[in-house]
Amino acid sequence: MDLKNIARLRVTCPDKPGIIAAVTSFLHHHGANITALDQHATEPYGGTLYLRLEFQTPNLDVSGPALERAFQDVVATPFDMAWDITYGRNTKRMAILVSRQEHCLMELLWRFARGELPCEVTMVVSNHPDQREAVENFGIPYHYVPVDGDKPAAEARMLEILDGQTDLVVLARYMQILSESFVGHFPNRIINIHHSFLPAFAGADPYRQAYERGVKLIGATAHYVTPELDAGPIIEQDVTRVSHRHSVEELRAIGRDLERQVLARAVACHLDDKIIVSGNKTWVF
Amino acid sequence: MDLKNIARLRVTCPDKPGIIAAVTSFLHHHGANITALDQHATEPYGGTLYLRLEFQTPNLDVSGPALERAFQDVVATPFDMAWDITYGRNTKRMAILVSRQEHCLMELLWRFARGELPCEVTMVVSNHPDQREAVENFGIPYHYVPVDGDKPAAEARMLEILDGQTDLVVLARYMQILSESFVGHFPNRIINIHHSFLPAFAGADPYRQAYERGVKLIGATAHYVTPELDAGPIIEQDVTRVSHRHSVEELRAIGRDLERQVLARAVACHLDDKIIVSGNKTWVF
Amino acid sequence: MDLKNIARLRVTCPDKPGIIAAVTSFLHHHGANITALDQHATEPYGGTLYLRLEFQTPNLDVSGPALERAFQDVVATPFDMAWDITYGRNTKRMAILVSRQEHCLMELLWRFARGELPCEVTMVVSNHPDQREAVENFGIPYHYVPVDGDKPAAEARMLEILDGQTDLVVLARYMQILSESFVGHFPNRIINIHHSFLPAFAGADPYRQAYERGVKLIGATAHYVTPELDAGPIIEQDVTRVSHRHSVEELRAIGRDLERQVLARAVACHLDDKIIVSGNKTWVF
Amino acid sequence: MDLKNIARLRVTCPDKPGIIAAVTSFLHHHGANITALDQHATEPYGGTLYLRLEFQTPNLDVSGPALERAFQDVVATPFDMAWDITYGRNTKRMAILVSRQEHCLMELLWRFARGELPCEVTMVVSNHPDQREAVENFGIPYHYVPVDGDKPAAEARMLEILDGQTDLVVLARYMQILSESFVGHFPNRIINIHHSFLPAFAGADPYRQAYERGVKLIGATAHYVTPELDAGPIIEQDVTRVSHRHSVEELRAIGRDLERQVLARAVACHLDDKIIVSGNKTWVF
C-alpha cells in the first residue's frame, strides 16, 4: 500500500455508545476508505476508549486541515476526544543516539537501508567517535558530541543539532542519562532500549544483576523516556531462556540479539502510529 | 460482563467502502452498545472483509429475530454478506469424545468445573469404559460406545446420543477416524487436537515421527474436523523446545501439556464465537 | 528405567583438574553404571564445580552406606567436596499447602494420579476447609489448619502434622507468610510458586502491579523458600505475552495456566534430584 | 578463554559401563584439563553413547598427533568408538553462498565483524552480482558465479574457488539446488537455512504454503545439506506466532528475522564443534 495515500486517526475518550458509528460514518461520508480499525475499552461505558483507524485519503472530499476542523466540531467535541491524525506522506525524521555498543544502531541502520523502516534517518549522535565510519557508509551524518563532565553543554549542543528536524529520537544503547529538560523537548518521542525485563533490574548493569539473582529468563524492554529513569511507558518486551551455564558475558551476548529485535519492533510500531500513550501505559494496536 | 446481555455478530463479505460505518450505525440506532470490534480485510477493496462485533443487548429496541430481519434487509443484502448473530444467553452444549488417554478430557472438565468455559458439558462419549468414574465425579453422563470393527453402527449410536442436543463436539484424543457422513452432521463444529505442528507429522504416531526426524520443537494443533484427515482449518497451535535428550516417551509427556493448553484455548475461542472460518482457514479475533 | 535401581550423586567443590576422572573411576570400579553426567564450572580452575551423576546400583560391590564412606575418604575429602547421594528407592514424601485457589493443587494431584510425579503425596494442609472433598477424592488426607490471627499456634500445629514424614513441602498458592522458624525446619525443601516474573512484582497482588505497569509479558516463578520473602533461589520461570486488552482479571486467568506449568516443572526437577543450590542460586541439571 | 588452548573431543560408540571413566582418566593422565563434558545415551547399555568433551591443551604431556594415536589404542579401539579431536587453534574457514536476498548474509558478516563467530570468512560466492559492494566493505572477496542454465559448469567453477580452503559452506539463502556430487565434497559441512519449520512446507515458497494452510506459527530450520532436498539433519529451529492478519509479504518479513537468528545460532554451534551427526539426526551439546 502506498504510504502517501494513508492516514491514521488515534482517539482517546470516555467510552459511550455511538462513538464508533460516529467516527466511521464521518470518515465514510468524507470519502475516507477505512482499511483498519482497532479499539479497546478499559471497561464498557464508564471506562476509556482507545481507537485507531487507518484510512485511504485519495478520495477525500476536503483537504487534511479541513477534515480535521470538521472532525473536531462534528465528532471530537461532542465525545470529548483527545485525538490526532497523521499522514503517511509526512515521512518521520528519526535521529539515533548511541554510545560505544553498536549492535542496536546497526540493526536500525540496516533495516532502514533494506526499506523496512518507513522513516528518514537524519543523523546519528554519539558521545564517542567510534561509529563514524560505519554510519557514514550508510550515507548518514554522524555527530560526535562528547559529554566529559559538562552534560548541560552537551545536551545544549545536541538540542541545537536535533532542533526542528527530528520527529523521533531513538536511544540505541546511549549510556548517558538525559536531563528532565532535554526529555521535555520530545514528549513520547524518545524511545529507549533497556537491557532487562523491566521493572526487574532497572538501573545499571542489569545482566550482572540477572546473573546474581539467578533468573531463568533474561529480557529487554523498549519504552518511551520520561524524566523518571527506566520508568516510562513500555512499548515492547521479550525474553530468552537462559541457565546456570551462562556467564555474565554470555548473558550480554544473548541479550544483544534480544535488544536488537525488541528495539526494532518498538520503533516500527511508533513509525506506523500504532501506539497510544495514556498515563504511564501504551496501547499498541 | 453478564453473558446473558451479550451478542456477537460475525460477517464475511467482499470489502467495499462504507461497511463498518453501515454496520455500526445500524447497531447503534437499534440500541446495541458495541463493546468490541475486530476486522480484517485480506486486501483493501477487492479482497474479503472479516468482521466481528460484540454488543450489549438490554437496550435493543426490537427483538433478536426482528433485529436480524432488519439487518438482512438494510445491511447484509446490499453488501452481499454471509453473517450470523449469536446470543450469550444461548449456552452452548458441548460433548466430548475420548479414547484411553484422559489428559485433554480432564483439562476440559476441570476448566468447566472452575467456570472457565462458558458452556454446558452435556456428556462424554468414549470407545473405552476407562474414564467413567472420573467423568461421573464431575456429575456428567458417560456413554460407552465401543467400536470393535463395526464403525457405522458405533457412529449411528453416537449420533443418536448427540442428536439435537449438541452444539460442539470436541475430540479430546479420540483415536477413531470419523466418517465423512458423521463429520457432515457438525460442519465447523467438531474440534480435534492433533499432537503435532500440522502440516508436519500428520497421520499416526506423530511423536515417533518427530523423534525420528530429529526436530528441535514439538507441537500441537487444534483444528476443525473435515472429511480429509488432519487437514481441516487450524484454530490454534503451539510448540515446545525439545532436544536429542528426549526419548519418544518423554516427547509424549511434554506433548501432553501442550495438547491440553492448545485444545483448551481453541475451545474457549469457539465458545466465545471468536472464529470465522473461510475456505480452509480461520480468522480468530 | 526402574527408579529402585537408580541413585544420584550431587557434588559442589572447588574446580581442579582430575575431579571428573576421579569420580567416574571410583563409581565404575565399584560397579556403578553411570547413565547421566552433567557438570558446570563457573570458571575453569579457580571457580566452583557443580556435578550431577545418575548411576545404576544393581551391580554395586558394596552397600550404599559403605559406598558413601568410601567416597568420602577416597574422593570427597581430597577434593574438598560438599556432596550427597540419593536413592530412587527412597520415595520422597510430599506435603502440599494451599489456601483458597486450587489450580496449582489440582495440577499436582492430577499429575501425581497419572504417575507423572515420582513421590508420595502424604497430605494436603490448608487454612481453608474448601478443598477437602476434591483432595479426599484422590485418597489423600486433608488437614484444615485455620490461621485466624494466631499464626504461631497454626505453624506449631502444621509442624506437628508434617513432622517426621515430609521430605518436600510445596506451597501451591498458600497465601500465608511462613515464619523464619518454620522455614528453618525445611532448608531448600519448601517450594513456592510466585505469580510474577521475580524479581519484578514481588509482594502482594502481582497481576495488579503488572497491569498498572503496563508490561507486555506476565510471568510465574517457582523458588525455594527462605526467610526473606520472595527472595529465595529461583528454580523455574516462564512468561506469556499479554497486551493492553487484558484486564487484571484476565491476567489472573492467563497467569493460572502459567503457575500450574511452572510449579509442576519445578517440583519434578526437585523430585528427580536435578537441583543443586549454591548461595542464592540453583543449578538445574 | 583463549581458543588457542582448547580442544574438543567428540565420540560416538555403543554404550557400555566404564566409558566416561576411561575417557576422562586418559585425558587427565595426559595433562588435559577437562572444562566441559556432555553426554547422552539413547538408552543405557544397549543404545548409543554420544559424548563431547572440551579440554585445555597447554599442559598436555604429548603432541596432538601422539595424543590421538594413544587415544585410538588405549580407549577408542577397546570401546569401538567413532571420534575426532578438533583444536581451537585451527580457525575454521567459512565460505558463504548467497543469491539475491541478503539478510542472512549480512547477519553472518556482521557477527563475524563483531568477533562473535570464531572463524575466518574466506569468501562470498553468489549467482548474482548484487552484494559485491556490501561484502567487499567487510574486506571479504566476492565471487560472482552465474548459473544461467549450465549448472554443472557453475558448480565446477565454485568447487575450484572453494577447493582446499573451505571447512564450512553456509547457504545463506542460496536459491540453487546443489547436485549430489557437489554436496558430496562437503559431508556434514554445508549448512542451509530453510524458511519453514521442516518437515512442514518443504520445497518452494514456504511462506505462501504457510499462508494458504493458515498456520498460526511460522518457522525456520537450519540443517546440514544432504543429496535429498530439505531432508538433511536438523541443527536448529525456531518459530514465531503469526495470525490471519499477516499477508504472504508480511510473513516473509517476519520470517527474515527468524532465519537470521536460526542460521546464526546453527553456524555458531558448528564452529564450536558442538554437533555430532548420527544417521539423519544431530546431537547438539
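General observations
Here the chain labels run A, B, C and D in written order, and each chain numbers its own residues starting at 1.
The definition used in the following text is that a residue touches a chain if its C-beta (ideal position, glycine included) is under 8 Å from a C-beta of that chain, and two chains touch if they have at least 3 such contacts.
Note that the structure is predicted; figures quoted are calculated from it, not measured.
Following the contact convention of this document, C, D is the list of chains adjacent to both subunit A and subunit B. Counting C-beta pairs in contact, the pair that comes out ahead of the other among B-C and A-C is A-C. Both copies, subunit A and subunit D, contribute mostly matching positions to the interface they share, with over half of the numbers common to the two. For subunit C, the chain whose average C-alpha position is most distant is A. Spacing of subunit A relative to subunit C, judged by their CA centroids, is 41 angstrom. For the pair subunit B and subunit C, the distance between mean C-alpha positions equals 37 Å. Shown for subunit D are the residues that touch two or more other chains, of which there are none. Residues 103, 106, 110, 114, 116, 137, 253, 257, 261 of subunit A touch subunit D in their complex. Contact residues of subunit B toward subunit A in the complex are 1, 17-18, 20-21, 24-25, 27-29, 33-39, 41, 44-45, 56, 241. Per the touch definition, subunit A reaches subunit C in the complex via residues 40, 42-43, 50, 197-201, 212-217, 219, 233-234, 236-239, 243-245, 247, 280-284.
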